[in-house]
Amino acid sequence: MRPLLAIIIKGKEVMFESLLDHLYSALITDSRYVLILRGLRNTLIITFFALLLGLAIGLILAIIKVTVHSRRNPLLWLANLYTTIIRGTPVVVQLIIINTSIMAQSNNKILIAVIAFGINSGAYVSEIIRGGIQSVDRGQTEAGRSLGLTGAMTMRLIVLPQAVKTVLPSLGNEFITLLKETSVAGYVAISDLTKAGDTIVSRTFDPTAMYLVALVYLVLVVGLTALLSLMERRLARNDLR
Amino acid sequence: MISVNNLHKSFHRNEVLCGITDRVEKGEKVVVIGPSGSGKSTFLRCLNLLERPTSGEILFEGQNITDRRCDINKIRQKMGMVFQHFNLFPHLTVKENITLAPVQLHLKSKEEADADAMRLLERIGLADKADAYPPQLSGGQKQRIAIIRSLAMNPDVMLFDEPTSALDPEMVGEVLELMKELAEEGMTMVVVTHEMGFAREVGTRILFMDGGQILEQAPPDIFFANPRHPRLQDFLSKVL
Amino acid sequence: MKKKWLAALLALTMAAFAGCGGGAGNSSSAPESSAPESSAPESSAPESSAPEEDAPAESAADSSAGGAVEKIKAAGKIVMGTNAEFPPFEYVEGNDVVGVDADIAAEIAKDLGVELVIENMEFTAALLAVQNGQLDMAVAGITVDEERKKSMDFSNEYVTSSQYIIIAKDSGLTADSLKDAGVIIGVQNGTSGDFYATDDIKGDPNTEEVARYKNAILAAQDLMNGKIQAVIIDELPAKSIVAANEDKLELLPDKLTEEQYAIAVQKGNQELLDAINATLDRLESEGKIEEFLIKHMGA
């Protein structure tokens, strides 16, 4: 029994030591954790501002889609074209096109990423919000308008607040998707979190850094999910129907 | 006050209003009755342009509101509307429901609007619900709040679109009571309803609509005692 | 040349998804390949009528004691990993991965009497996958260095290369000026050009002035648009890129490094290494490698 036990303990020690070795070379050697932290910062900046841009674009498109009734209106035509093109092509292709053509003159890679992912997210957000607006009973609009409120006021004060509540879970999903989609930013040499992992792995020939990167994404997504369900519960408080 | 001239309304190819002409004078309480699908709700909804007429004219206080240049938002401030399904704003408190439009349209300051809202709520005995949300109220309470929400705009006329049809029977009374009070205070009213008792008691003139036309109109005593049109006779024999 | 750019763009779009999977993936699952598996014989068919082609293969087989090579023969295929964004060594033409490395690998497969399967993936993913034994070999213009030797075994060297600097035409930059703050150097992530720029030029493992691209072509695009100031990449890809954009780019004459390419196999797989070396020796003596280079540089 003794020798066997000793072997097991020894084995565990070896495993533990080798884990430490892997972590050491993934994070401490050459201060590689700096790359991860910088990547994390860039991923968060890109996601946050792309999210704001996506919401703004999505809101405008959604309002065009629900308020313009004439099918020949060029605004509606443009809004639908935008959604079709953006949803019909992969985000990484859009990123490359924006980097090499549309924003060819810009040196600000983070800005390029924000715009590329914001434009992409906007198309998805517009469909989500459009669904939300259409889910609000028509009687709400009629009540607002019959009190003398303008169409814009009715939309802003009555329809949108109710629509937001219905679409919050879908928007939350979209944001989580967006966070993960920014991982293709490295394609055009943007140092995001995934790229940081990739760069470290190319030095260590060991995937430990990628496991750590996966863990960071996971923590971010779980945190975001918790935050969203908290918001949902807050909003559901006054909705007892 | 409201003058309707040869009003037509079609949905796609289906003509719902086939030439309505009528005048509502100040202080009148016009009650519109008729079978379902007769066009009476569409007629009411045309009066504040929730439905845009296909042709014909509507004049309100001398202004042609069917004219595209007319600012319909201004007109609607003077025409209160009460819906079958209340249409309270579920994300706002009762008080916010009442003060939203007057404050947003800069007709009242926030304080004035709050004070007016509380006075109106006290009048209907629901002051304690000021901070409640609509989903927490009964149907009768919702409809009475919808009525005072319109009153807070100080309208010249009130339009009622089947205000009691969605209510449980035991709540119909409280809503009709409030409408009766309004009538007694001299409010001009156009009411689409199936409540014949209310029509008889409160109405100054009853319109009978069927097939998109006004087939008969008269003061209530004559209207109910001596119906002339065979379709009205038939209708009354079923509902009375 | 325009067309090739487009083909490359299309290919790298497809490879991206393989790349993400391979990079972040766990080490136990097979490498995710997106690019169609191409068996290369088609592209190398014209050269296949060389004399005495059987002899070296047999001697290679003789020296093996069963095991790795036997397994490959039993499976009837040898799996090669590469990153087809590195012309002329590997690039995509139509649906197939072609290039000098693909031609060499086809010869190895032929000598073993098996089919060649090419997995197109990220460069760094290919290096990881060969260590784990998910690939039989990585043939991707891999520079032999001491660091890499610790985690994988290398064949005989088959090409000598150097890192070269591409700059925008008439920008007046020199090899020395790349050290300066504000000069951003584009590289392909995880290549020896990346390491040289990071360690030797900028001298800081966490520098923000080395931009790591998925491939050198994207880096060159950014160079032409003035987003970065230089690109460091291996000699032959550098020449291919400059040749395609002569009006906008120029190559500095400085050879930054002296390095050799070799084929990587899993550490300890001496048997397969012997077979590979036998084929490489044969190709060398027949002048085939030179022939492949000429063929693909002209492509």
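Going by the order they are written in, the chains are A, B and C; count residues from 1 in each one.
Just so we're on the same page, contacts are C-beta pairs under 8 Å (C-beta built on N, C-alpha and C of every residue); 3 or more make two chains touch, one makes a residue touch a chain.
All of these numbers come straight from a predicted model, not from anything done at the bench.
Relative to the centroid of every protein C-alpha atom shown, the closest chain centre, again from C-alpha atoms, is found for A. When chain centres are defined as mean Cα coordinates, C lies farthest from subunit B.
Taking each chain's centre as the mean of its C-alpha atoms, subunit A lies 34 Å from subunit C.
Here the CA centre of subunit A is 48 Å from the CA centre of subunit B. Between subunit B and subunit C, the centres computed from C-alpha atoms are 79 Å apart. For subunit B, no residue reaches two or more other chains under the stated contact definition.
Contact residues on subunit C toward subunit A in their complex (touch as defined above): 9, 13, 16, 20, 23-27, 122-124, 127-128, 131, 147-148, 150-152, 186, 189-190, 194-195, 205-206, 208, 211-214, 218-219, 221-222, 225-228.
Residues 48, 50, 73-77, 79-81, 83, 85, 87-91, 100-101, 104-105, 133, 135-136, 146, 149-150, 153 of subunit B touch subunit A in their complex.
Only residues 137, 139-140, 142-150, 153, 157-158, 161-162, 165, 238-241 of subunit A touch subunit B when the two sit together in their complex.
Subunit A contributes residues 30-32, 34-35, 38, 90, 92-93, 96, 99-100, 104-107, 109, 183-184, 186-189, 191, 194-195, 197-199, 201-203, 205-207, 210, 213-214 to its touches with subunit C in the complex.
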